[in-house]
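See the structures that follow.
Below, chain A partners chain B and then partners chain C, in two separate complexes.
Up next, the complex of A and B:
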């Protein structure tokens, strides 16, 4: 599960749908791996505009990274040399950082989901469907 | 010689029906099924290639992920109820696809977030009309206002296909999938399916011609095993009616392609 995906998943339980606590999930006991992915600075620059930055900061903190800037880097341009290093770093964080094993916990209902072999599983037990 | 489809008993609990005739079957046939699913459908490919650059979407019931790499300027997360098929997708893409195991009626995504969604050959597996409409409403709830969803379902009207279903035929049926055990490392039980999946999920260059539901029907070899999957075969107009009944979307386009009805709906 790539880091970027943490920005697009939340608790699957119906009762948590409208809760602001159900996103992002809380990441615990995670085993990380760096896996090389094709570098596309345009993709990172544009996708950044669509990401929820506070959620990125929160998940990064869960995973032990407290070095992200408090505000989202704005209008990064792949042509600008200064921006290139930032885009590279974001690529490494968002697309190349895989959560291989770990637990995701809903901050609202405390339901625990598991990540195994890099795949998050959101299936619910019958009584919660 | 092909194995015929059969009608399904009407008094099965919907959830049990989906568990026995959809979920567990896809896990059992995941590897074999994945080998026959590699070629994108033209309408789906066109839909994905005409999305705005760098927009975000979900593929609900993504199977082995064959649509997740069609347009590299999109972020798509694919989910499927079958962990066997999701393992195939993970292995095929060498970890490049964004994937999750999830139920179509309990998707793990924030509401009102995505620009588009696709659900290809999935909704027809839900056991009742109510659940099929609910599935559409649930996917639409994840879209932004104005977001678009493409849905494909198998058609009742397919007189020219090998199976020859037509208007007036039974719409709720069990379709056979013949698993031939002579193939190496076949997932045989739920217990060993993950291992088998990880070992042999890969795209085959030369797999059989893609038709949506392909039961390999060479003459039965010894020890073949038949698994049945439940389908609701959609009549003309029925898919649009299900979508409109949710009250959350309008129909942008609809059509018929190779034994399937498809629609594109827009969230209102």
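Up next, the complex of A and C:
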């Protein structure tokens, strides 16, 4: 699972639907892997506005990276030379960083979702459907 | 043709051997690719912009491969672990999720630009265990999908409905969730090549779906005719029945209705 996905996924349980605690999930015991991806600055600039930066910082902290800037880099232009360094860094963080194994825990209901072979398991037991 | 939905639930039906058979069949690959391209054509996304897509019921990533080829980033969801394992072996680009569509789409609001689904949502119409209600599952699915799409986000789903009732229940659930749109049927005359595409929009969008070549098949509105016009079209039999009815209402003595009422007398009479 790519790092960018952690910024979108939330608890699947119905009771957590309206809770603000259900996003972002808490990440524990995660194994990370770096996998090279095609660099696409347009896509990163496109996704930037819908990223929730506090959630990114929180998840990065869970995964052991505390060096992110506290504010979201704004108005990056994929064509400008000056912005390339930031876009590259974002690309490495968001798309090339993958969570291979680990656990995601909902902060509201404390349900545990396991990640195996980089596939998170969101199947729910019948009593939670 | 037998329908896999009737045999077993999807996570059971698509076991290791079935997933392998499905994914390695060139015929399936060809059809899936064709339908994915058609779904993208219906979505009508801006060509030169990047998009973030959701592939519902992605299976082994046959449709996802096409999405990657077209330059889209995507996330795929499927309920069958074997299918996803096959997808991992094939090194698909998108993120894969093991998840039941009927339990909803676990993404926060406004995540995706668009969503597609190829040959998947008919599975939602089946109740695989005793305590599930397909209607409820469909509703949960469409509700969560609606919120996970950006405003104006589009959803195109190719599916194989078993009967009109299934189509109706899917369309109904989508409408309740707030989607606008309808059904497109490709090759409606051919029984074999007929394909159903559900084309939905979440909220209004400046760029509408691509409906080139589609003909509208709206139900004809029945013109209400006035009494006088109706009288003109009635048969002799109807006329006599109507007259008898009026006379009866007025308390006159009227002959009983029988099979001979208003029949023509033969010449030999």
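One rule holds in what follows: the second predicted complex is superposed on the first by the 129 of 129 C-alpha atoms of A that agree within 3 Å, B and C clash if a C-alpha of one lies under 4 Å from a C-alpha of the other, contacts with A are read in each partner's own complex, and residues count from 1 in each chain.
As a convention for this text, a residue touches a chain if its C-beta (ideal position, glycine included) is under 8 Å from a C-beta of that chain, and two chains touch if they have at least 3 such contacts.
Predicted model only: the values in this text are computed from it and were never measured.
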{"item": "Fit-or-clash call for chain B and chain C when the two complexes are aligned on chain A", "value": "clash"}
{"item": "First, second, both or neither for A:12, with chain B first and chain C second", "value": "both"}
{"item": "Which of chain B and chain C A:86 touches, first, second, both or neither", "value": "neither"}
{"item": "Which superposed partner A:32 touches (first chain B, second chain C, both, neither)", "value": "neither"}
{"item": "Partner chain(s) touched by A:109 [first = chain B, second = chain C, both, neither]", "value": "neither"}
{"item": "Clash-bearing segment of chain C relative to chain B, given 55-63, 217-225 or 235-243", "value": "55-63"}
{"item": "Those residues of chain A which chain B touches in one complex and chain C touches in the other", "value": "1-2, 5, 8-12, 14, 17, 23, 37, 40, 42-43, 46-47, 50, 117-124, 126, 129"}
{"item": "Chain B residues touching chain A - in the complex, by the definition given at the top", "value": "15, 53-56, 72-73, 75, 77, 79, 81, 83, 86-87, 90, 95-96, 98-103, 105-111, 113, 198"}
{"item": "Complex contacts: residues of chain C adjacent to chain A", "value": "49-52, 73, 75, 77, 79, 84-85, 88, 93, 95-100, 102-104, 106-108, 110-111, 129, 131-132, 140, 144, 150"}
{"item": "Interface residues, chain A side, partner chain C - complex", "value": "1-2, 5, 8-12, 14, 17, 23, 37, 40, 42-43, 46-47, 50, 52, 117-124, 126, 129"}
{"item": "Touching residues (chain side chain A, partner chain B) in the complex", "value": "1-2, 4-5, 8-14, 17-18, 23, 35, 37-38, 40, 42-43, 46-47, 49-50, 98, 113, 117-124, 126, 129"}
